[in-house]
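What follows is chain A paired twice: with chain B in the first complex and chain C in the second.
Then we have the complex of A and B:
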């Protein structure tokens, strides 16, 4: 999980990784924008060879939710 | 897989509107730091926007006229004209017919429109090649033009900073010097709503309702149903899987060695997508010309305008190009296309519907 958070933070260009936990609601992050959707999709493809749709991202709340999709 | 032989592109010319848009200064609807972030990510720094008196057909007219003049083509020998666009002059008649008269082509010329988006150039090429190879045609003109600046809402950040306008003309002729070409052309109508203009056709006719701008998502983006929209994330997801697969498949079936390709010309979608595909496929960047930074995404015109802008003087002798494009439909295509001494004219600028003569 720690590894996932670090890589996800790097992917969506969040500098303060220490502030992120599995419970963080990523939509509320200052850095989160419509561009982050593309960055998250690229991150899933590169790191996990997984497809994550716009809808999946919209319906996920926490970083844990994303992790669950990545490791499903 | 479609294959042809003894037919190819012998000359090309391009036209762009005179008006240059600096993308950082395009709109004041969003804070400057947000604009910078988007612009840097999509890699579109300048685009060309047609004025209100310039249509796709005007850009194509300017390009075609330049091509005909530069190559001393007898207009009476052009007996096939294909106009490729999703921004035609009218809902009817077909714009190709209007261009037949405006360009002074004979009435015996067969003219029709192909209404396809970003992947369209390979469609038009394969249709023209097929008709040339099987029919008794002399010379064909493909006129490919778009004014996408008129399609998207400046208040929707997901599409506001990407699209631009341009037009090209390509002359297709039969000649035994042209080696074999291959086209893989694909469609998936289950994804028809990833990129679309919902209103203004016959399914959802134009009405005050379709023209009303509304907030459409949690980011506050605004557009009407007569603006285009794009589910960029889902398009990206589709493209990063399907495009590498389609290119590999086309190379395999054709038996063409990747290293024997001189240039790979991608649809200029945005720099984020294009660099991602190049990295993922471990392609040699020196073989990949690009114009996304100065013309933006011009839909079906992006592949040919990139050839015209970046490969002029580089197409002497025999060259093998791989063309790859994807977009609205979804439809996607890969072409392996041999060139032989292709003559490329300088790009013409257009204002108020007419070429600016030098």
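Then we have the complex of A and C:
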């Protein structure tokens, strides 16, 4: 999980990785924007070889939710 | 002493640092306390730039920026060896002066690759969280041909105009991390290369090429001083702009 958070933070350009936990609601992050959706889709594709859609991200609330998709 | 333009403790990467505007920017920034990472093709001339810098801890890297695929690994190496960056100046560029009628697609592609694409690739690779401090600043050296017509510069001027419009987008995207992106558009600057070019002109052409500047021709220092401002915290609320420094050429 720690590894996932670090990579996700880097993908969406979040400076303060230490502030992120599995429970963090990523939509509420200052750094989150419409472009972050594309960065996240690319991150899943590159790191996990998973093709996810905007809908998956919209329906996810916490970093844990994203992690579940990545490891499903 | 209060100095809003100080670059103390800042690490600045400068491309095209082996001559002209890029070299002068490196010298000026080192005078303001910055640690300089000088990048260009020619190792010998880079060393010459290094020898003119004030202070300690500067370094230089020789690279062919037109190989855009090499930029990612170069940035990783530079940050690995020098720590995170606080600023970038993209001053590397080429010109291909000929009538538009004679310019080939290959000319356009080469000019764009070096002047525009390599600069954007460098900025995009170097401004990530891993490599760039929040609050840092990027300066792209464009040209007044991004705004006015100078005959024979279609490829060059298009590449410089693209820089200005692309910089606005980068500025918007990077604003979340308080990273600023601005262009400087200099008029005719008397660099050694420009002097060589002017020397080849006949009297009429020389007059034509050097007239129209109410304050006369520019010096590399004029651009370097603007880069200090844009890299320093004095310009913390300035982003996405095209700073025209042309001795008044475009006001009339």
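Going forward, the second predicted complex is superposed on the first by the 72 of 72 C-alpha atoms of A that agree within 3 Å, B and C clash if a C-alpha of one lies under 4 Å from a C-alpha of the other, contacts with A are read in each partner's own complex, and residues count from 1 in each chain.
One rule holds in what follows: a residue touches a chain if its C-beta (ideal position, glycine included) is under 8 Å from a C-beta of that chain, and two chains touch if they have at least 3 such contacts.
Keep in mind the model is a prediction, meaning the values are calculated, not measured.
**Q** Tell me which partner A:6 touches in the superposition: chain B (first), chain C (second), both or neither.
**A** In the superposition, A:6 contacts neither chain B nor chain C.
**Q** Who does A:15 touch here: chain B (first), chain C (second), both, or neither?
**A** Only chain C; A:15 stays clear of chain B.
**Q** Any idea whether chain B or chain C touches more of chain A?
**A** Ranking chain B and chain C by residues of chain A touched puts B first.
**Q** Which of the two partners, first being chain B and second being chain C, lies in contact with A:53: first, second, both, or neither?
**A** Once the two structures are laid over each other on A, A:53 reaches chain B alone.
**Q** Please indicate which partner A:35 is in contact with in the superposed arrangement: first for chain B, second for chain C, both, or neither.
**A** Both: A:35 reaches chain B and chain C.
**Q** If you stack the two complexes on chain A, which partner ends up touching A:61: first (chain B), second (chain C), both, or neither?
**A** In the superposition, A:61 touches no partner, neither chain B nor chain C.
**Q** After superposition on the shared chain, which partner residues are touched by A:45: those of chain B (first), chain C (second), both, or neither?
**A** first
**Q** Can you list the residues of chain A that meet both chain B and chain C?
**A** Chain A residues touching both partners: 33, 35.
**Q** Sort out for me which residues of chain C touch chain A in the complex.
**A** Within the complex, chain C contacts chain A at residues 128-130, 134, 173, 176-177.
**Q** Under the touch definition given earlier, write down the residues of chain B that touch chain A in their complex.
**A** Touch list, chain B to chain A: 34, 37-38, 41, 157-158, 217-219, 221, 231-234, 236-237, 240-241, 272, 276, 280.
**Q** What part of chain A is in contact with chain C in the complex they form?
**A** Listed in rising order, the residues are 9-10, 13-15, 30-31, 33, 35.
**Q** In their shared complex, at which residues does chain A touch chain B?
**A** On the chain A side, the touching residues are 27, 33-35, 37-38, 41-42, 45, 51-54, 57-58.
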